[in-house]
Structure formats: C-alpha cells, structure tokens
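Dropping the structures in below, format is structure tokens.
What follows is subunit A paired twice: with subunit B in the first complex and subunit C in the second.
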Partner chain A sequence: MKRYFREISVTLALGLVLLGLAGFAPAFYQPQPLLSLATREAPTLVVACGMVLVIICRQIDISVGSQFSVCSVCAALLAARGWPLAMVVPASAALGALLGAVNGVLVAGLRLPSIVVTLATMVTLRQGLNLVRQGAFVNLPDSVQWFGLSQAAGQWTLVGAALALLVAFGLAMRHLAAGRWVYAVGTDAEAARLAGIRPQLVTFLVFVLLGALTGLAATMNLVQSPQVQPMVGAGLELKVIAAVVVGGVAISGGRGNLWGAFAGLLLLACVSPALTHLHIEAYWEKAIQGAIILLAVVADGVRQRKQKF
Partner chain B sequence: MAAASPTPSPLLSLRRAAKSYGGVRALRGVDFDLRAGEVHALLGENGAGKSTLIKIITGAHRPDAGEITVAGRTLDGLTPALAQQLGIACIYQSPALFPDLTVAENIGLRLEPAGAMRRVDWGARHRRAAQLLQQVGASIAPAAEVRTLSMPEQQLVEIACAIGAGARIVVMDEPTASLTQREQERLFTVVRELRAAGVGVIYISHRLEEIFALADRVTVLRDGQSVGTHGLNEVTEAGLIKLMVGREVAQIYPPAESAPGEPVLTLRGVGCAASGVHGVSFEVRAGEIFGVAGLVGAGRTELARILFGLTPADAGEITLNRERLAPRSPPEAVARGIAYVPEDRRRHGVVLEMPIAQNMTMAVHRRLFPGGWLRGAAEQGLARDFIRDLAIKTAGPDAPGGSLSGGNQQKVSLARWLATQPRLLILDEPTQGVDVGAKSEIHRIIRQLAKDGLAVIMISSDLPEVLGMSDRIGVMRGGTLTAVLPGGSPAAAVMAAALGQNERPDPA
Partner chain C sequence: MKNPLPRILLVLGLLAGLTSVSAADGKLMITMMPKAKGNAYFITCKVGADKAAKELGVELLFDGPTDSNAAKQNEIVENWITLGVDVITVAAENKEGLSTALRKAQKQGIKVITYDADALPDARSFFVNQATPQGIAWGLLDEAARLCGSEGEFAIITATLTAGNQREWLKLIDERLAAKYPKMKLVAVRPSDDLKDKAQSEATALMSANPNLKVIVAICTPGTPGAAEAVKQAGKVGQVKVIGLGLPNENKRYVHEGVTESVMLWNTSDLGYLTVYAAVALARDELKPGAKTFQAGSLGSFEIRGDNILLGQPFIFNKGNIDQFDF
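Then we have the complex of A and B:
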C-alpha cells in the first residue's frame, strides 16, 4: 500500500475528476468525442511507455519530440511514394530506434549526461529537418487514412494498439528479468554492476526502445490526418515527461511503473475537455496542468525526504 | 626536543570528549592537550577514533559530551566557521582546494573577507598569495590553476592558507601519504618552522619513523579512548605498537574445527598497475578463512577487485581449482564461482528501495529465471530459505532493504552472493558498522560457511576480528602482501607487519 502510494493517489485523483465530470458536465461522456480524445492521446501513450523505462533507468530523453517529427516526415514521404503501411510502420520504428541508438551511444558509451546529449540531438534533429524540408508539408495518399478502414475502426485500432503496448510493457517490467535490470540500474548502477548486470548495455537499450516506440507513435499519428507538417512533434517531450512524472515515476530513477504513467497521462489529457465542458476559459489549461505537475513533484520531494535515514 | 617551555594553559584542550555514530561509539571520553610550539602526533589503528577526534577539533562534528577549550574559551563544540575564527586549520591528505581556480583565487577565497558585492583587488590578492607561498618555501605561481599542481604542491598551498589565516593550531591528517622522500623533507621543514613560530601542530601518521623524526609528544588512541600521552624520548617503536594494540580480546570467536582441504585459489606475483597492487602471492584452501589485514590504503580492497574482475590483473598468474583465472568482468568471476561482498553495503551492497527478495536474487537472474521470466515462487522460496538460514530479522521477503538494521542488511548482502553458490567467498569489511550482537552472528555464519567447504578471504580493518577469525593472516602494505602469519598470531606482530616494521617487537 505504502509502496504504491503515488500510483494510488494519481488514480484516485483521476477518479475524482471523472466523477466530478459525471456530476457537473455529463456531456463529457459522449462516446464519439471520448474516442477521438483517446485516439489523439494514443501516440503520446506509446512514447510514454518508452519514457517510463528511460526515466526509471535514471536517464531522460528530451529529443523525443524531434525524433517524432523526423520519423513522421520520413514515414509520410515513404507513404507518399506508395510504400504500403505494412512497410512504412516498421521502417519508421527502425528509424526511431536508430535515433535512439545515437542518444544511447552518447549517454551509455561515452557516459555523457543524458539531459545535455538529448538537448543537443533535439535541436540538431529539429533544425536539420527544417533545413532539408524548408517547412514543406507532405500530402498523404487516401489509402493511409485510418489504415484504409472506416474512421471508427481506425480509431479503435489505434487505441487498442496503444493499450496493448501499455499492457505488454507493464507485464514485461513486472515479469521479465530485463525489467528488473532497468530498476536495478536506475537505483544503484554500481550495485547492479557488481551483481553481474551490465548497466551501460541496459541504458543503451532503453534509449533504443524509446526511439523505436517514438517511430511507431509517429505512424500512429500519421494515419489520423491527410497531411503531415514538420512541426508535428513539437512539445511532445514535455507532454510525455509530464505524464510520466505525474504518474509517480521518480525522476531520480529506480521507481515507478507504467500504470502510474498511464493514469498521469489520462489526468493531464482530461484537463482540456473538462474545461470546455465546464465552460471555463481554455487559458486555464496549461496553468492547471502545471499545477498538477508541481503537486506531483512536491509529493515526490516530501516522500524522499521522509525516506532519508 | 620535548617542549621545554612550561606552558600553563595549552592552546587547545579536550576533556572527556565522546561521540557515537548510530550505535557505534567512536570516542568514549578522550582527554587531549596541545601546547604552543609542539608537534603532537596522534597514533592509533584504523577506527581507533583519530578521524573523529580531528572532526571534533575542526568543528565538522559536534561531540555528544565533553568540552573543548580553545584560546581561553570553553565550549561544548565547534562549528567549522568558529574553528577557523579561533585559529584552527586542517591540512588533509588530499587537499580541499577548488581545482579550476588559480592558487591566488583559492587563497583569496579562504582569507579575504566574504561579501557578495565586495570588489576584488587582484593586485593585492596576487601579492599576498606570492608572499605566503614564499613563506612556505614553495615555488608556485599564484596565477597557476590548482589542477595543474602536484599533490604536495597543493598541500603547501593549504599550509600557506593556514599561515595566512594566522592559524595557531594546524591539524595535518596523513600529509605524507602520497609524498616522495624529498617532498616529505620539505614538508618537515615547513612543519618545524611552524613549530618555531609557536604554532601547535597535530600530526597524524601511520609511519612511526616520521613520528619519531618530527613529533615532540604522541597520544595513542585505542577503541575510542586515549591510552596515554608520552614524550617521544620516553617511548620506543615497539612500546608504541604495544600501546596501539594491547587489549583484551573482548569477543569469543567461533573455533576452526576442520582441517583445510585442497587449495582453491592460488596467486603468483599478481599485480595491477592501475590500482597499485603488485607482486601478491598466496593461496587459500577449501574450508579456510584467510584474513587480510593492513592499514587503510594498503591495497586490500584493490586486491579483491582484481579477483572479482573489476580491475583485471596485468601481471602474475591466478589459478582457481587448478585452472587459470583471469576475470575481466564480475559476471565472468561469478561464473567461475567467485563471490564478492563489497565494503560499504549502503552504497553498493543492498539496494535500500528494493524488497529483500529482489536484493537476494540480483546476482542469480540467469540461473533462477531461465528464459528471462521472473519466477515469483522461486524468488520467494530462495529468500525465505536465506532469511531462515541466516536468521535475518525482517517482516518478510517483500520488506524493503532499507527497513533492516545494519547487521541484517549485511546478511542480505551475504545472501545475494551465497545464492551464486560460490567456491570462493571474498568478504570486504563484513562487520563494519554492525552492532556487537549481529557481529558475532555474522562471524558464526562465516565460520559455518568455511566448515561447509568454502574458501573464504576476509578483508578487515578490525584487528581482533582478523586475529580471532582467520586460519591464516595475510598482511598488506603499500600494495603488496608483506607477510603471511599463522592464525592466532599476536596482535603486535600483525600491526608491526602492517606498519612495515622489520624488527619484531618484544613479546608481550
């Protein structure tokens, strides 16, 4: 109970918001807008799955937004050339994995601080993309839209895929030795090394995994609109990191899980529609999200201070 | 040579100073006096309380009881700022200077009045630094960055700071540990000049010959108590060693019962340039506890790190069960049947946030979880077995490591490595910071493991522990094994070997 205090409190907060909406703004619970909301958030959830691993490993990756843009544009160009989605999706994931590997090599191989490395790759990727593309949009063939399915079916596919990945990663972190390694490295890399775990390899792999998931998420976004603009992933990193932190994953590593990050993501995602339905000005959205993040960080700080002995 | 001037009131005096850390009593009522114009040596084995005493004098720690009189003021304790104000300066073994600032900037930071908006007079700062450096006989440019200086040069900068601050009391903590003979001579000259100027110097060193060459008086600490202050013309080296170790062995150690079996581990001329270990040869047999004694910095942990593949050997030959052993990483060493319980379990042993069961299985994932799937039942079973066998006091396998006492944490750390089913167990300070009760339990467990046929290497700074537990004792000094003594050797013999004394002290 005490161990999962943060996950439980985020879930309770989410429950309270949903309950409050049921009371004051029942219009929130219309199936079609809800499905649209879930669809919009599905790619973010997929990136968050990878970010949870990276942060538990006591690292961070702020270049995911730029990775997302690069993968989106490249995937869109391939699709525009007539590649089938069955090839575009893995290609985009592979490109993402490659970008993640660059971060991984710099962080794990050269032991550079991840915040600086990924800041550099964030800017480099973003500016490189602007330079090459000059801000040009890519028009997508109709067959890409919702995988060529009906809109509803496409939306359900995306939401289903994101939830399946969440469950898969949740189970893996709990039931695979590899998941245990991520926690061990994030808590005490030296103890892990003495115990025969290879901290540098684990660190490298979580960056690769996050990159691959980001590439995948880019295609999940791609199928939702008729064209792709190059700024598509801007600000994604903040959204993802906020969700993960609100969900109780400790930025100092070694603690947290996917369920918490999922609840954190939903909580932050509910703010905007909730304001709409409660007829509150949309300017409040960012302020409220900021307050939620601050609250989560304060809760972690208090918790850690109590644990000092 | 003894301070001849009859000083009515000493520069500094400590009365009944006591300090405990957790349950460990580091100082239990120590009296200590420092006169003006004397070099007063402080001597004692590892953990005798020397560093605690220094920390009280420099204000880093507050004593639990007792009082300090400095410059006519009697206080319950000092703060670092107050100590500085009262003219106390400390020169550490590795100086605490800012490496990226220049010498003049470092000196200025210490000596110039603080004030965020104060304008820096660069000319005066450099002139003053140059003058102080000249006073300590150092040819160092004030504009040099500290990181470009050698260790002894940095020490001289520290001493210059102390002089510039008008220090009346200078504490030197093993200042010669990293110096060459010539650098040492220069340092001695500076110390003698300080003494001539009426400064009181507290001098800590493990090198007896240095103490005899430099000091006027010596205070010997043992188990957190002072066992006497003597003029150096009154004592001999052998007498000092006896003072350092002469104690009743307060604890009963479990006896060795079985005769050791086949040699498990053999080292021939093993060395590693990177960690300063060289020419180590010994063997350890199955069922034997091989104790490794020596002073802090003698290379004991470095030796363990070689055997565990953390800093691979680059010289000599190691064999394990008659096969050549050259581990290049911990997993390789574990695969060959070596387990290493590191010192400082708080940092690299038990992961405090992790449940006990997960802590215990950390090194056996591959064996316990074939295919990479965690098997909760196997993990819990293993944890329950160890909790029972090692009598670990805990709420259960899911309690976090941080919820346990030091002794029980050490047992969890031990369990992690026993789970690898090793043939050679290396223990580094197995009972450091553990209370007396848990200590004898851990001793009993270690003896039982040896009886079960394990070869055990036990590194320890706790002399009675080494003497009481070991079947044979290897003594290390300066990165190499200088002596192998039979178990039950007199403490003075082990201490003499650790200090590098050739002549045997007279028998107790």
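Then we have the complex of A and C:
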C-alpha cells in the first residue's frame, strides 16, 4: 500500500475528477466524444510507454515531439506516394528507432547528459523539418484514414493497440529480466554493472525503443485525419513527461511504473475537455495542469526526504 | 553608358546562385522579398507579382531566406543595395532589425515598399496592407451570423490566448457582437496553440459540451481544418458549420464535403500584383505621399489610408471558387 502510494493517489485524483464531471457535467459521458478523446490520446500513451522506460533509466528525452513530427511527415509522404500502410508503419517505427539511436549513442556512448543531447536533437530536427517542408500540409490518400475501415472500427483499433502495448510493457517491466535491468541501471548504474548488467547498452536500448514507439505513435496519429500538419507533435514532449511524472515515475530514476503513468496521462488529458464542459475560461487550463505537476513533484520530494532521514 | 558596376555585381550574383534574372537594359528593377522563399503563401504572391511585372514591362527579382530568418533578410537587402536596384519590396520578418537596412537603401535613392508585414514607418514609403483587423474580425462574424440566421450559439477556436492579432480580432468581434447581433451567444473561446490536432480535440469537446452549437469560427489557419475534421467525425455535418481563416488547399476537401462553409483569407496573388504596381508607380513618381487612391492595372482602384495601401475586404473562398486557387 505505502509502496504504491503515488500510483494510488493519482488514480484517486482521476476518480474524483471523473465523479465531479458526472455530477456537474454529465454531458461529458457521451460515447462518441469519449471515444474520440481516447483515440486522440492513444498515440500519446504509446510515446509515454517509452518515456517511462527512459525516465526509470534515469535519463530523459525531450526530442520526442520533434521525432514525432519528422516521422509523421516522412510516413505521410510515403503514404502519399502510394506505399501501403503495412509498409509505412514499420518504416516510420524504424526511422524513429534510428533517431532514438542517435540520442542513445550520444548519451550512452559519449556519456553526455541526456537533457542537453535531446535538447540539441529536438531543435535540430524541428528546424530541419521547417526548412524542408516550409509548413506545408501533406494530403493523404483516402484509403489511409482509419486504415480504410469505418471510423468506429479504426478508433477502436487504435485505442486497443495502445492499451495492448501498455499492458505488454507493464508486464514486461515487472516480470522480464530486461525490465528489471532498466530499474537496476536507473537506481545505481555502478551496482548494476557489478551485477553483470551493461548499463550503457541498456541506456542505448531504451532510447532506441522510445524512438521506435514514437515512430509507431506518429502513424497512429496519421491515420486519424486526411492530412498532416508538419507542426504536429509540437509540445508532445512536455505532455508525455508531465503524464509520466504525475503518474509517480521518479525523475531521479529507478522508480515508477506504467500503470501510474497511464493514470497520470488520463488525469491531464481530462483537464481541457472538463473545463470546456464546466464552461470555465481556457486561461485556467495550463494553470491547473501546472498545479497537478507541481503537486506530484512536491509529493516525490517529501517522500525522498522521509527516506533519507 | 551607365556605371558598369551594377552589371558586374549582377553577374557575380548570378554566379553565386543568388538571382535568376537576366540583366535588362533600361528596365526598372523591382525586387520582392518574401518572409520565406518556399512558402506556398508567398509563391502565390509571386504569381500576381510576375503578372504585374509583365504588364508593366519591368524586371522582377524575387528572393528571400529559405526559412523565416530575419538576419538573412538583412543580408539580401544589403546585396540589393550593392546591386543598385530601383525598388525594394519586402515582407518584414523583424520590424526593427530590417528597418536599419531599409533606411540605408533609402539613403542610396532606392524606393522601399513593405507588404504583408510592415517595417517601421520611416524605413519605407508605403505599406501594402493585406487586411485590416476590422476587415477580418467583422468579415468572420458577419459570415457566422449569416450561417446561423443571426441567432444561437457559436464558439471560437483561437491560436494561443496571448497571440496579438487574435486578441485584437476577438476584441473587435466582441464589440460588434454586442452592437449588431444581440441574439448570438459566444459560448467559448478555446486555444489551439496553432495545432490542427489540438483544434480538433477542442472542437470535439465544444460540441459535446454545447449541444445547441451552430457555428465554430476558427481565427487561426490550422484551426479551420481541425474543427472541420472534428465535426465530420462527430457526425454533425450540416448541424454545426465551420468557418475560419485558412489556405484553400488545406480546406478544399471539407468545403466540398459541406463541412466547412467558407474559408477567409486575402487574395495573395492580388497582394503581389498590387505591390508591384505600387512599386513601379513609386519609382516613376506617379505615387506620392498623401495620395488617397491608387489605380493598379486590371484590379482597379484601391484606397490609401495614411501610408497604407489597402488591399480591401478579405476574400471568401467557398464551394464555387475554391478550386481556382492552389496554395
């Protein structure tokens, strides 16, 4: 109970928000808008799965938004040239993995701080994309939206896929040796090395994995509308990192899990539509999201102090 | 024979890949600088500008940074001063930064006109103003009123809550709403952060929270296709109408599907045409400070307010005409 205090408290907060909405804005609970909301958040959840691993490993990647944009535009251009989705999706994931590998090599290989490395790749990728694309939308063939299925079928497919990935990663992190290695490296890299784990390899691989998931998420977003804006994914890194931190994953590494991050994501994703339903001015949106993050960070700080003394 | 230096420099420029025009004898040399060279918006400006240059028999030199880069704009103006061009027309990325270079050009006897985005007033003779804030705000509100019969609920999707242009438009919309459309109710103003996907999420929530919503007005260009996609996915085509600022190519499909009623923007080709006409008239001393109107070829007469040449009312793209535009 005490061990999972953070996860439980986030889930409780989410429950309170949902209860409050049921009382004050029952119109929030309509199947179609809710399914739309879930579908819009599905790609974010997939990126969050990768981010949980990177942060548990005591690293951070703030270039995911730019990676997402680059993968989206490349995947869209391939789809527009007539590539079938069955090839576009792996190609986008591979491109994402490659971008992640660049971060991974710089962080794990050269031992550079990940915040600086990914800040550099974030800016480089974003500006490079602007330079090449000049902000022009990419129009997609009609067969791309919802994989050519009906809208409802496409939406359920995306939500289902994201949830399946969440469960798979959640179980793997707990039960597979590779999952435990990530915790070990994040807790104490030197101790992990003495225990026979190769910390630099694990660090490299979590960056690659996050990149691949980001590339996959880009295609999950791609199939939701008939055109892609190159700005897509701007600010995604903040959204994802916020969800992960609110969900109880310690930014200092070694602690947290995917279920908490999932609850954190849902909580933050509810803020904007909840304000619209409660007819509260949009100015509050970022303030409330900020307050939630602050609360989470303070809770972590208090807990750490208690452990020390 | 004139001083050969400009000719030599022009050849050098050609070698450096800077320009793509041939030297012309005795013709006026007009330059046009976009904020960014490959931007579809400015490419259509160039279409109109080329047409005007052909009609007037002048050379048009079109060059600019590859991305919106204020420093690069300065560099190009410096090159043009060395080249000794007759008129510089420019859409300024950075007001203050570019003005220094433009003043220098004026000192060398080069005429300067700004279009699309102004520099400081003392750094240019005229600004070709593509749309007044009032033209945009009132145009959108009047169109929304027409669609809902001047009564009922509507919502606005903006860029960010702090964006300067949008705040000014919102203020003008509020004023006109109170004065002219008392039966219309603005239920919410939601930010899209200039992201199409966020605009879509916002529009989805707006529709479920306000079941009587009749019109969504997007006052930033990414918002319009985003809102349209939301209406389409919610199955509310016809019940909730979308209008907004936008580029034709980003909205064509929704206009044809009947989701988006109309898209508003100025006619960018006309903006380029008018700019070149004004530039030539200025060089030939036909356009002087204090003028009240200006004749621009086939487009006819334009109003001049102070030192702003007004392109006029924003242009409305709808089912009938949107296919004629490709940008």
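Miscellaneous remarks
Here is the rule we go by: the second predicted complex is superposed on the first by the 308 of 309 C-alpha atoms of A that agree within 3 Å, B and C clash if a C-alpha of one lies under 4 Å from a C-alpha of the other, contacts with A are read in each partner's own complex, and residues count from 1 in each chain.
Definition applied: a residue touches a chain if its C-beta (ideal position, glycine included) is under 8 Å from a C-beta of that chain, and two chains touch if they have at least 3 such contacts.
All values reported here derive from a predicted model rather than from experimental measurement.
On the shared subunit subunit A, the superposed partners subunit B and subunit C are arranged side by side without overlap.
When the two complexes are overlaid on their common chain A, residue A:S225 makes contact with subunit C while staying clear of subunit B. Partner contacting the larger number of subunit A residues, of subunit B and subunit C: C. Once the two complexes are overlaid on the shared chain, A:S9 sits clear of subunit B and of subunit C alike. Of the two partner chains, subunit B is the only one that A:G254 touches; subunit C does not reach it.
When the two structures are aligned on the shared chain, A:T157 is found in touch with neither subunit B nor subunit C.
When the shared chain is aligned, no partner comes close enough to touch A:Q200: not subunit B, not subunit C.
Of the two partner chains placed by the overlay, only subunit C lies in contact with A:S272; subunit B stays clear of it. In the composite built from the two structures, the nearest CA pair linking subunit B and subunit C is 35 Å apart. Against subunit B, the residues of subunit A that register as touching in their complex are 3, 174-181, 183-184, 187-188, 190-198, 254-255, 307, 309.
Subunit A meets subunit C in the complex at residues 25, 27-28, 30, 32-33, 36-37, 40, 127, 130-131, 134-137, 139, 151, 221, 224-227, 229, 231-232, 234-235, 272-273, 276-277, 279, 282-283, 285. Taken in their complex, subunit C has these residues touching subunit A: 36, 38-40, 66-67, 161, 187-191, 193-197, 200-202, 204-209, 211, 222, 225, 229-230, 233-235, 249-250, 253.
Across the interface of their complex, subunit A is touched by residues 308, 310, 330-331, 334, 340, 342, 347-351, 353-354, 358, 362-363, 365-366, 369, 372-374, 400, 402, 416 of subunit B.
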